[in-house]
Every structure is written in structure tokens, then in C-alpha cells.
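One chain, subunit A, appears in both complexes that follow, with subunit B as partner in the first and subunit C in the second.
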Partner chain A sequence: MKMSGKGRGMTGKGMMRRLALCGAVAALCLTGFTGQSKADGDAAGQVAMRRLTQDQYKQIINDIFGPTVTLGGRFEPDLRDSGLLAVGAAQVSVTAAGLEQYDLMARSIATQVVDEKHRPLLVGCKPASETAPDDACSKAFLSKVGKLLYRRPLTQHELDAEVAAANAATVKTGSFYNGLGLSLAGMLEAPEFLFRQEAVEPDPDHAGAYRLDAYSKASRLSFFLWNAAPDPELLAAAQNGDLNSSSGLKKQVDRLMASPRLEAGVRAFFGDMLAFDGFSTLAKDTTLYPKFTSQVLRDAQEQTMRTIVDHLLVQKADYRDLFTTNKTFLTPLLASIYKVQASFPEGVQDPWVAFEYPADVPQAGILTEASFVGLHSHPGRSSATIRGKALRTVLLCQKVPDPPGNVNFNLVQDTNNPNYKTARQRLEAHRTQPSCAGCHKIMDPVGLAMENFDTIGGFRTTENGAPIDASGELDGAKFSDVAGLGKAVHDNPAATACIVNRVYEFGAGHAPNKSETEWVRGTLAKDFASGGYKFTDLLKDVATSDVFYRASAPQTGALDTPKAKLASDVTGNQEVQK
Partner chain B sequence: MITLRSIDRRRVLRGMLGGTAVTVALPFLDCFLDENGTALASGAPLPVCFGTWFWGLGLNPGRWEPPTAGKITQFGPELAGLTPYKDKVNVYSGTKVILDGRPMITHFTGDWAVLTGTTPREERVIIPSVDMLIADVIGTKTRFRSLEVSSTGNPVHSYSRREGAAINPAEVSPAALYTRIFGPEFKDPNAADFKPDPQVMARQSVLSAVRAQREDLAKTLGASDKARLDEYYSSLRQIEQQLDLELQKPAPLEACTSPDKPTDIVLGSEIESVKGNHKLFAGLLSHALACGQTRVINVTFNDATSSLRKQGSSMTHHVYSHEESIDPVLGYQPNVTSFIMNISGGLADMVGALDSIKEGDGTLLDRMLLMASTDTGYAKVHSLDDMPLITAGRAGGRMKTGYHVVAKGDPATRLGLTVQQAVGVPINSWGTDSMQTSKTFTEVMA
Partner chain C sequence: MALIFDRAGVNHRFCALAIGAAGLALTTFGAHSARAETRGYAVSWFYMAAESQPDDCPEGTNPLSDVMVKQFLVDMGKTPAEITELFKDYPNNLYGALYMRGKRDGKPVNVYSNPTSVPDPNIKTAKGHVAFGFNLDSKEGPNDFVDPQTNERGVDDMLYRAVGCFITQRASGGTRATWPAIEWDMTRDQMPAWVIEISGIERDANGKVKDGDVKVGFYRATSPVTRNAAGDPQADMSFAVDTNPRTQNLVHATMRNGTLTTDPFEFYLLQDPFGVAEYHFKQAKVRLTLNDDGSAKGVLGGYEPWLPIYHSFALGGSTNELNLSVNTPGIYYALKKLADAYPDASGQNQFISASYMIEAVPAFVSHPNADKTSMNVGPVRLAQVRQ
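Up next is the complex of A and B:
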């Protein structure tokens, strides 16, 4: 979230709240939950050009070609902006090194698709000769796969160019399948595939206004709920105009939300919001923490995901209870780190069991899971400051200012200093400096409540032999341990405002602009509250709203020209049957 | 077998269509080395190369600078590892980063101000770093416009960016870097025979189809998205360039040898892993330069907020930098300084790897210009004064070496301008606002 957006569009109550907080921490206050898009002046929403994320790319390849087509190679790192990779995706391009990798992956995928094992199913048609071009077979294959890759039918011009490329490659290599595969590889590294480019059209219901065209609408919806490209049924609903009616849209939203694939979308959202991409490079000192292995990394993420999916999708429970629930899922490895007794079925490798924390342990809610306390720590020890900052920025959508320059950090956390055995004592010493006090006052009392967990999430009651005091305070709510912190987050209005905003941003690919903000903070937030903070209701409200699909006027006069003729109009709308 | 010394390009390509094994003419026939291997037969010298070498958390003020300005006779103790190369490096002290009222974003402002010439306004970089400005001039005819590596195991630890928000991701695995450069698509410039691959020509026509859609795609985009699309097509150009080169017999390069495939040391920020992987990277990149695969490299030894650590210690280099007391006897932070010595040892490894490749009477380092920079002048207090800057190599004779230049408070961008001019970028001023400068370090420009 950028500083430049602060304050704008803030409700009177929000402003009061922020002022109160500023007063509490002197000049260095949090930038409140105020992220707003740069296109603040726009009356309508923005269209986006978003690079596919790693997970989306993988999911699309899996959906179109099936799990037996394997995917090697590396992806460019995704960019986090306004708290989400989904927003950063609208800022990034493809670097030279990145395109090299896409090129390698594309050729590897395409080679598998046209190999002897896969071609009967995936290519479908057979050429008259395997050593010469075959227009009919190339056209049939490239139009059906192109529609799924580009998430819209190819234009006639595009299809002709792809067929010509396949033919040229066939002539040069003397192999039809090789030529077809290379043409497919070209599509897999083309910007039409790698970027989700949204298109707009005049809105017939509102003179002078614009909306996303039906295929862009289908994509926005599908990536939002499934983190995947539209399936053939959704593309058909775009093609026949159903998505432009509210009943048609609702029907598709209901279908997508009833599908088991909704889980992938929810996992993608929380993986993004909780910054789980950080696990890919998370390191811990294995001499100090021998229990830490790559399996701990995987289990930690999966524990939280299982908790979220069960709580929000299966139980359809209150979002806020994620911070207080005593229900979770464990593996033997996690149970040993958390030092809790759980029983596991014998003879099952890597078993997951549902588990309820007993009342006499402080663990409760996702804040006490290794995916939070472990992710936000140093490699060799915990960090109350990093954790406090993460809680503020990730879960409450607040910005904590950067530390000032020219600060003497001598006393902070010198773990060998006999006078400062615990993190609390060391940080209190550090906070004697006025320039540091402001920010640390908003981070440390929160982070210190999580000090019962070491850097890998292991439970402890002492540090360097001294008992840990996990009491603290969050925006006026005082508590004595981490369970109390969870309750304070549960009760903090910023937590629910944050999730509402993040969900919208995740779908739209940008921080809400002025008109979107009014709706997001108004109707959407109120409905979320009045419905008991049900996450699925929030998804559905966004997915079925007009606001989500509104668009500003196109950037150029492109829409004045007749729409390019779509290949499916010519070839008779061939669909891929998966 | 036909010897096609006098054949023209068109006939060469006709021959390639059949994919038959031929020894083909070079597209530019003057591209042979002269007898002593330092120049092409036309008399043109071997091309200049450029690199950045980034390390995090600076050095200790007063402990790295050579004691006097001018010819280096001795380094400060923290750069003592460079002593074997004292005639081949320059040290620049006394430069600084000027904030112009912008926020001091710790471990971010300093690195990017030095590398882009502009003090960032927020935690985001949207203008190209100096290596990219240089790559656009000297790197357009090589297989890789630039190569980025990070020794910390994290691909985001890259200090190279193009316009827009995308970083050039760093390779973190030496084994993967080896495969990328010296794998099946590597054409040994010194191989006797050359067989153009029809598959490569087929790929060319496919990529032409990708490029052909550019105008249609750009039509509905706003300015920033258009710039992102342009970057995509610029990246596509590199792939096309690679294919073009695969169809040409490369010019022989006497110093080019294909290195052995390395085995990765555990990837991560533990100091021994970092040092080991960095050394492997230094060797691979030097070979890549000697073999004409790229002319621009970007090396990250450690990230700006240094995640370096020692096995069994709960502290990172960064945490130490703020929390370790200054030893009253030694006068510096001992643990921090231990990391610093490893870092400067890494720089010596890099310079040594470049210097170990003999080219004629000299070494690869002679036609290289490596610019080493960091994020802070003194990490303990996040200072942006007295930024340590170092260069190695003579840029093909355009730089004098062996000097300590004292800048007396000038913007650190003087070095960025100097290196750009030295490698042939046609500019006479660089940087913005108070970081703008038109003063090169003339003392070291030949």
C-alpha cells in the first residue's frame, strides 16, 4: 500500500480512528487502511493487463493438457504491490531472462502434447501426411487450444498466422507434429497467453459508459474464484451473451462457487494475502533448530490452508473466528514442534488429522501457526518486531513506516546481555530512543504476544531461562497472551475491512479507485458484517456485482473500428471437450 | 565438405535449409583473432564487457579506503584481499547519496540511487539500472543481453532492473546457470564443424508469428501497459537474437573454453554456501564472457538487508550490524567485520576469476569493467555518506587502474556516469535532481 493514497476516501469514522491512533504514537503513525488506486479520478473501474502468476500458469496447463504433461522450469518472481501479488501482476512485464524460461517451458509442454503418447487425445485430428502441412488439422487444433489459452476465440487473422507458422515449421523440419508443436509453443509464450489483457466495450445499459467485454468478464470471474482460466462452459456463456445478463452471470457464479475448484481459488487468495510465496526462500538455522526441514515448510503452509478451507468453505463459519478457533489440522511433525499430543493413524505416511487445541494451551487461531510465526522471524530466532509489523500490514492492511536513519541499535536484542534476557526487555531498552518509540509502540506490543513461539513455531515458555511475558495491547485492546491477541484481532474492525478490501483487489487486480472504494467500504463491507462475516458471501457479492466489471473508457479509439472477426464465428465455434 | 570462405549469407542460409553438415562462412569474415589473441583480425580489439557486483551493508568507515589518494600502494584492512589486484582496481571514496527530502528507505534508497541515478521516492524502482543502459548499447549482439546471478539462493536478490517494476531475476543455482549457458544450445566458437539446425529456423518463423500480433495487441493499451508490452517484445528480441546466432558459426575466441559442470553447494544465505556458490558463479560468468555469450553480468554477493548468517548462529549480518557493540579495543563490530571480510574476499574471487582467463598478453579483466557498489556507507546507522565504490578492469584500455579517487561529497552517480562513458554509452550527464552529474572521474579515464 502506497503512502500517496493515504487519507483519500476515508470515512469520517475511519479518519477519527486514524487520528486517535496517531495521537497514541506521536508523529510516526500507521498509514491506515486506505489503499486506493492511482486512477482515483475515474468514475468506473480499471481494466488490467496482468501477467499470469506461477500458480495460474500451472493450473491452466493442467486444465488444458491434463496432469500427465509435466512442467519444468522456473518462473519470474511475482511482484507484491498493495499487499498482493495479484495487484503486482498488473505492474510487471516479462524480462529477457524470464522469457527464456517461458520459451523453454513452452517447448517442453508442446513437445509432450504432440508426442505419440498424447497426440491421439490432445491433438485429436490426424494429418493426411505426417511429413507435410495439413491446414485442416492444424486449424482444428490451434483454434480449440488457442481459445482456451487466450481465453477468447482467436481472430481469423491470428488463426491464419498460427496455421501459417505451423506450416512453415513443418516444411522446415519435415514433421507435421513438430511444426504443430512449435506453433503451440509460440502461443504458450505469446503475450496473449502470458498476460490477461482485459478489453472493454460500450455498456448498452448505461449510455456513454463502458464495461468489460464478455470474455474479459469470464476471465476476471474465473481467475477470481478458481485461480484458473475460464472453462469451456464459461467461455460459451461469454460467447452467447449470457454473462451480460445478471441472471446469466449469477448462474455462472453459482456454478463456479458450487464447484470443488472453488477451494483452489480460496487457497490462492489466502496464499497471496498471507504472503506464502515467502516460504520458497525461507531459511532457518538447522543447527539451532534441527527439527526444521523442508517438510516443516510444506506442513506449515498446508496446516493453515486446511484450517482456512475447513473453516470458511466447509463450516461456513465467521471469518473473524480464524484468529480464535481451537480447531486445526496436524501432522506428527507439526505436533512435535507445537509440543501437543495428537493421535495419528498408524501405517499412513504423512497423515493429517483434525485436532482441537485443549483449553489449557495458548495456541488458537492461525496467528499461532508456524505459517505465521515462522514465516515472520529471523533465521535463527523469533522477532517480535517483524511479527508485529506482519500482523499490522498483512492482516489489518495498515502500513508501518520504515525505520529512521542514524539509529543506534546497540542494546536491541543482544541476546548475550545478561540484563536483557528476553525480547521484551531488549525492545524496551531500544524504545528509549524517541525516534524509534513511535513505530515500535505499534509493532512490539503485538509481536511480543507471539513470543511463546520460537522462530520455527515451536512452543516455549522461557527465553534464556527467563519466563516469557506474552501480554500486550492492540489498538486499545489489552491481553495477557497470544490467545488474547487472537481475540483482539477478531474484534478489530480493521481485520474485516482488510479482508474485504483484499478480496476485491485480488479479483480486480488493482486497489479500488474512488467509486469502487465507496462500494467496497459501504455496501460490500456492510453486507459482509450483516451476513455474519461469511467468506463465501463476500466472494459471491463481489462476483455478482456490477462494480466488479465496470470499466473506464478505452485508452484509444480502438473501439470505433469494427470488432475483429473471431475465428469461431467462421469455423463454427468448435469447443474443446476435455 | 565445402569450405565456404567466400560464400554470401544468402547461400549460407540456403544450405541451412537442408540441415546438412557444412562448415559455413562467418557472417562477418573479419571476426578472427589476430595472432596474439587480443584483437580481431580487422584490428578491432575484443569487445568491452561490463558487470555490476553488489554487496549489502557496506563497509566500516575508515577501514577500507587506501590511506592516500592517487596511486594505490595499500588498501584499508577490509579491502586487503584485493592486494594481488591492486594495479587492476580503483577505489572511490567520499561519494554520497542525496535524499532531496525523500524518505530514507533503509537498505533500499542507497542501493538504487547508486545504480539508477535517482533517489527513489517509494519502495519501488521504475527506471532502468545502469547495467541495462549499458546492455542496450554493448549487449545487443550476444546470446544473452545480460546474465544475473545471486549467491544467496534467492532470485529476488537481483539489483538489475529494466524500465517498469520487473526485476531481472537472478539465477541462484550454478548448475542451472551452467546448463543455460553451456548446455545443448551452446555453440562452441572454436568448434571446427558447424551444423545449423533446421529446428532453429522453424522456431524463428513461429516467433515471427508472435511478433506479428504486436500492433493489434498494443491498440487498446494505455501508456504504462504499452511500455510493459514493449518490454515483452524487447525480451522476445533476445530470444530471436539467440536463434539468429545459433544459425551462424560463431567467431573463434581463443580464450573460450567450456567449463566443467559445477555441482551446487547448498543454496541459501549461510556464509559458506554463499562463498562457495559465488565462486562457482564467478568462474562460469568469466567463461561466458570469454566465450562471447554475453557482455554484461550482474552479480549479487549478498542482499542489501544482508541475510548472511553463520551456521549455528541466531544472528544475521543485518541484525549484527545494528545490535553488535563496537569492540572498544578493536574499534569496530567484530562479527559484522567478519562478514565484511568474507564479502571483500568474494570480490577478490570475482576479480581473480576474470583475471585468470588469459587473452593474448593480458587477461579478460583488461577488457572488463566491473563496478562494485552497496546500499550504505555505514550499516550500523544506515548512513548514506561515504559510499564504498570499487571498479576492477580497464574496459579495453578506456580506464586507468590502480588509483584511489577521493570525491569529497560528490553524488555517487559520478561513478555510474564514468562507467557508462568508459564502455561507450553516448551520454554526458546522468542522474536526477541532486544526484544528477556531468562530472566523470577523469582521473581514471584513459
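Up next is the complex of A and C:
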């Protein structure tokens, strides 16, 4: 799509419209247009507006337009809240710079969609003239694509506006496809696309209560299980009301869980929970650790993901065994870092092989993988404290206070002090400072168990020539090495409580309120345990529960208007679609 | 799989396949206890050895390329004006000009394909007496060297004599000479890695390697080395040995004070056409020191065919001459004159004594289909392979 001066002028106006709208949305987001419960004790859950993550944005574009439409531009950084980016997504807006990037990406995508290569397949219809507006073709394309982008049918008002915008741009640019592309670009930077907006409706089964409307339900379900927007079948189930019945919901949940795309959802969840976004800024001192390369960084994440996917989805094994399993996957570079021998297929770029550690070595479970010990370390040395904190906060959902501002780290950081050759010795000396001792007592005994791994995950038995003592204790469970730590995490009730809580938060986009917490800690956690801690059962229990889709009453006042209009517009548009 | 923790605190794991291979080796040679250790290495560097002395080129080194090439052009009959013109934007106008400077029957020919198409320039050769290597012929002669590490006398290394007065072939103090290092560095990313496997290593109660008998295998793997963030070969990578018998050498060695020295054997390994396509040494010996950091460094000495050495220089043609300051036909004549072993029917020696440095990083070496290969039945000799 060529952008003529006239076209840019048109888009400039459109952009101003989007900017204003986006600013409004951001304001709503930040001022609480989240349907948040009036009181924490409300039975209903929150609804939210969550900004699409980078992966979700890319997946949606790929799903709608295919892999040959490429993306440029940068995404705004995500925000971690309550341990998850998925929760933080409801707290972020779009900055002016971020909108600029969205605009660039939108124009690029739209240009590709309507170019001569893609238009036969992606636009579908042909205009009567390529130089004049064509209402029928514009409407057919924009309603079809708009439904997938907005995760609901366009309202009649929205559709009319988009067609009118396309027509106006066609007249100004002299090209039907330019006009159509400009309208598409506008939709791609609209808050209805960039934010997952949830709408509520009265729950007919519970007088006075509210629930997510069917399209919001479809979105929550799809993003939860696939980390992607609803596919046409799920949108159809929303449109025809199937999702509002238990059997209809269960049918869709079963379908989504049987799909290979479930893996993407599971990867998204664990990537979020394990804070893998930290890899984007992870650096190591390659003078000290020349084995660490950008490929190792990618492999480390993928190793844990493959381990998780195989363990939880393929083997359908006990979630807790992720901390003790001796089965994993390796690349040549990872095998080199772990100093283990593995056989790799010849002539395969970036080969992965399944690998099983012998039973008599300490390496077992994801705690011993570079994605954990490497991510939670300093650039040039390991950190028992950071690792201990990460284990407690990430895997056990416990809170560890930040260090006070006046801590003297000199002793801990001096790895060349001949009097304190190992991290244990340095930390023992450091803990003599009273202000440090309290927190270190809960982090260090855990983190020191991982000291057999250097800052990139390489196995070692000594530090500065002194033997490493990897013994420790976790909430009363004592152990002699990292394998024992894995067993202690495996047996710690906080580990399973944490994963249950995180899964719910990831799907709902918020920390559970009081009533949700009762269900999460009660029924959901018990069912998870009684079922043998099968992760897929946990996903299914959440996805088919009423609690997951409950909503609080809409707030009254000025903010009611757009919500009410949205609901009525959607209802009206359903008629149009028919 | 079994895990072996040595007393130095380094852990080594060997998959069942490697254990099987090592077990076969131990069975075959039968001289080692159950605690014997097998260590693998990937060759990170292999290059012509040089311990250049200030006085080993008493007439000075051979001229740098600008002086040398100017003489080529004079010999070709170029006028001063033509030479001045060709030297503009040096050396870019000269790459093409130097190829056809040979003469056959009065017609210009490619000098690199026909090194005798120009007269012997009698390049300066090294006259010193310090070089790494071995006394291959058990004799001491006026052309022999003394090894600076072992003080062994009678060291045979006529390759260094031939090329040791080109500045890009000179090095000392443990450094690598420019061109041999570049040549290896440019080929190792593509060529299947050379790997070394030492079996039968025993340690005393303090973890120190005990003196005694070991077996050393030199193999080519099926995959290249991988570079780490510093651009050096990554340590601790896993390699599978190429089952092609032409890529396998196994020899007895004696370990003394952490350094092994092999018996004489016939060394044969494929390398890369960019350098020397096939390395073949007769009466080869290897000395390799196992360092505490897991690496190894040593020397290979032996007699190798001199013509492939010439080809490794000639392949680069004028690029080598202009950038490395080597006189290619001069090297041909020097190698031919200084070749010191295995004469053909005419009496011309076909092999030249040579020494190469070996540097290696720790690696895991496995033998696919070990029971189907000849790795444990003794060294595979070139003659056997070519039959």
C-alpha cells in the first residue's frame, strides 16, 4: 500500500482519533474501569482491560493473516504485578511512543495484507473498480477481519465508520486497496484490538449477579489456554450462546485442550511465572564465562520449556516432579555447559535430544537448569541470595522483602578474598550484620544448595579451590545437595498452592479476591491434589469453573455509558451478522 | 551412564556408548585397572611449530611482499613505468598480474600450478638449532635441532628450515605463527573436528596422573568445533567419531609426569582442502601434556609428504604472496631440496620432517557403532586404506 500525501493526511486524522481513544482507554484503565469489586468480599471476580502482550499480538496477526505477513517495530515493556505479567497487563496503558510503534506496525501489516501478493487470499473479495470505493467488498473484509481482531463482531456503528473511512481514503488516494488498508491499519491500533476488553452481563442463573458476556468469556478462555485470540469456532460458540451452558463450555474447553495449540498457552504461562522476560536483559561476563552466548541464552529457556511441556503435557506427570525429574532436553551447547556427554543427530541445525541424568548425580529438576540458576545470578558470579529469593517468590509464591538501602555488599562481592573462598563463607560473614541476617536466613539456606552451579549453570564442586557445601534447609526440610532441595520443593505444600494460585491469576488477570481465593485454595487446590497434581486437570478445572467467569456488577456513573453502549451495540450487531 | 569424580574435583560423565568404547579399549590392551580413566579432547589448534631464534636467519628474513613482488615484475620483464602503475593502490592491481609469470616453452603459465616454470629463487632458509619435535631418525646431524622443552637432541624438522625465514611463519615464546594460525582458524569452523581420546589414565591418591601406559586415539569427528563467546573452541562439547577408518589412529603411549609420549605410529587424518586436505605422517610421535585446567598442549612430529605442503601455499596464489610475503615457487624448491625421508626411485625424498603444535580443549568423545569399527584393533595404516 502506497501512502500518498493525501492518504497520510487521512491517516493523520485517523491517528488523532485513535490517540484520543487510546488515551481515553488508558485513562479508564488507570482510573479503574475494570469492573473491580466494590468490596473485596464481593462474590464476583474482576473484569479488566489487559493490553495484549507481544506474543499475543504476534500470534493474533499470524492467526488472521498468516506467517508471510511480518511484523516490525518494538513493543512497550510489560509490567509484572503480583508475580505475573498477565496481571500487570491490566495495569498498563499505551504511551505516546508506544502508540507510535503500534501505528508503525499497523501500517506495515495493513500494507502487506492488501498488497498484490496477499490480497487475493487475505482480502477475499474483489472490488468492482480498484480505483473507487466498494461498500460490499469493504464491508465483507472489515467485518470478517474486525471480528477476529476485536474478538467480537463489530457493532453496526463501528462497521459503518470503518467502511466510511475506507471509502474516504479510497477517494483521496485513488486506490481501493489503499483505502481498505488504511482502515485496517486504524483497526490494528484501536484499543478494541490492543486491549482485551471484558464486558459483563447479568447472570440469568443467579439473580443480581453478573458474569462475563459470551465474547469476553471466549477471549478469557482462549488467551488462558492458547495465549491467542478466540478462533472462529470459539467465537461462533460465543455468538450462538453455547459458551453460556456448562456442556457448551466444556465442549469448547475440551477442544482447546486437545489442540496442539495448548502448548503455546502452557509455554506462555510458565514463561510468565518463571519470569523468563528477564532473559531479554540477562548478561554474563563472557571473559569469565566464554561458554555463555546468545544461543545458550535461547537454549536455556527452551530447555526448561521442553522439559515442562514434555513432563506436563506429553507425560501428564505430577507437577511436583518437575523439581526432581532427571529427564530433560539438551543441545550441544547446553551439554557443554553442564559438562555431560550426549549424542546429537548429524547435520541438524540446532539439534535437541532427550537426556536423562543418572540417578546418582545431583542434577535433577528445573532448579538445576541454566534457566533458573543462570537467570538468578550476577553477571560474573553466582548468587545464593538471589537464587534463594527467586525460589521462594517465584516457585513458592512467598514474599521476601527487598534489602535495606544501606547494605554493605563488599564482603559478599569479593570472590577473591582468601579468607572467604566460598559463597557460604562470604554470606556467613555478611550475616553477622544484624540488618541483613533476618532475610538472609530465609534465602541463603535455599540458595546455597544451588552453589554447585556457577553463574551460567555450569556444574562445579569447588569454588576458589575450596569444596562447596550444598547442604541447606527449606521450611524445616533439611538436605545435603541440590537434589535434596528439589525434593524439599517437591514436598512443600507451598509449591502446589503457588502453582494453583498462579494459574488462576494468569487466566483471570488479577490476584484472586476473597471469594475467589476461597475457591482457589479450597476446591481447586484439593482437586489438583486428589487428581495427582496433573497440570492439565488444573487448567481444565479453572477453564470450566463458574468462578473463572464471574464478574462484579458494573460500576454506576459516567463509565456506565460506554459499557452499556458496547453491550447493546454488540447485541445489535449480532442481528446484522445474521 | 556412570559418573566419575576425579580427586581434583572435576566431574566427567560418560554415556554408555563411551563406556562401552573405553571398555573395549581396556579389554583389548588389558593393562589397566577398573579405575582407569578416559579423557576426551577436541583439537582447538593445530599448526606448524616454531620457536624462532633471533639468529636463525643470519642473512635476514626473506623480503616483504612489496620488495619480493617488485622483483617478480622485473623478472617478468615489466618496465619501471609498468611497475609503478601496477604498484598504485598496492596490492590491489597485482593479484591478477602475478599468476602467469611462469614460462613454459616461451609461453606464460600459471606459476602456482607450475612452480618450476620460474628459476629457483633460493629463498633464505632457517639455520638455527632450536625447534620443537622429535629425533625421528635416531641420528644427530648438522641440520637437526634441540627441543626447547625436552632438550632432546637430533630433532628433525626440515619444514621449519624450509619456511622459517618468512616472517609469517615465525613465532616464539609459545605464540602461533601468523599464517599457520590463520589457516587453521579459517578451516576449523567447517571441517569436522579432530578429537583425541586418552584411555587408561590412572591417578594416585592425590589425584595426580600416574606414570604408566595409556592408549591415545586421534580421530576425526562428525561435527565441527563450536566457538564460544571469546571466539575460541567451546570446551566440553560432545563429539561422535567418524567411523571412516581413514579418520582413526590408535597408538600406545607412555605417561610421565602428566605428559604422554606416543610410540612411533602412522598418523592419518583428513583435514580441509583449504589447508592440507589429508595429513599423513610416517614415524609420527606425539607429546601431549594434560593441564590441570582440563586442556592439553603438545607436539606432533613426523615425516609428511612435502608436495601437499606446497599445495597449501599455492592454493592461495598471489593472495598469499602479497599478504603473507611468501615466495610460493621458492617454497616449492626449498621443500624439495630439504625433504629428508622416503625417496622415490629417482632418489628424490618425498617426505619432509615436520613438527606441529597441538592445543586441545576437553571434550566428550563417543564411538557410534563401536563394535563395528576398527578402532580397537590397532592403527589403521595408509597402505591398508588405499588398497
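As a working rule, the second predicted complex is superposed on the first by the 511 of 578 C-alpha atoms of A that agree within 3 Å, B and C clash if a C-alpha of one lies under 4 Å from a C-alpha of the other, contacts with A are read in each partner's own complex, and residues count from 1 in each chain.
Rule of thumb we're sticking to: contacts are C-beta pairs under 8 Å (C-beta built on N, C-alpha and C of every residue); 3 or more make two chains touch, one makes a residue touch a chain.
Keep in mind it's a predicted model, so treat the numbers as computed, not measured.
Contacts of A:346 after superposition: subunit C is touched, whereas subunit B is not reached.
Legend: residue contacts after superposition of the two complexes on their common chain; A:461 is shown touching subunit C, with no touch to subunit B. Contacts of A:509 after superposition on the shared chain: neither subunit B nor subunit C is touched. In the superposed pair of complexes, A:361 makes contact with subunit C only, with no contact to subunit B. In the superposition on chain A, no contact is made by A:388 with either subunit B or subunit C. After overlaying the two complexes on the shared chain, residue contacts for A:162 are found with subunit B alone; subunit C is out of touch.
When the two complexes are overlaid on their common chain A, residue A:287 makes contact with subunit B and with subunit C alike. Touch counts on subunit A: comparing subunit C and subunit B, the chain ahead is B. By the document's definition of touching, of the two partners only subunit C reaches A:335; subunit B does not.
On subunit A, the patch touched by subunit B and the patch touched by subunit C overlap at residues 286-287.
Against subunit A, the residues of subunit C that register as touching in their complex are 1-3, 5, 9-15, 17-18, 222-223, 226, 228-230, 232, 234-238, 240, 364, 366, 368.
Looking at the complex, you find that subunit A touches subunit C at residues 286-287, 289-293, 332-333, 335-337, 339-344, 346, 357-358, 360-361, 459-462, 467. Those residues of subunit A that touch subunit B in the complex are listed here as 2-4, 49, 74, 76-77, 79, 81, 88, 91-100, 103, 155, 157-158, 161-162, 164-166, 168-170, 172-174, 178-179, 182-183, 185-186, 189-192, 194-195, 197, 199-200, 281, 283, 285-288, 378-381, 402-415, 455, 554-556, 558-559, 564. Against subunit A, the residues of subunit B that register as touching in their complex are 17, 103-106, 122-124, 144-148, 153-156, 162, 164-169, 171, 176, 180, 198-199, 201-203, 205-210, 212-213, 216-217, 219-223, 225, 227-229, 231-232, 234-236, 238-239, 268-270, 307, 309, 311-316, 319, 321-325, 380-384.
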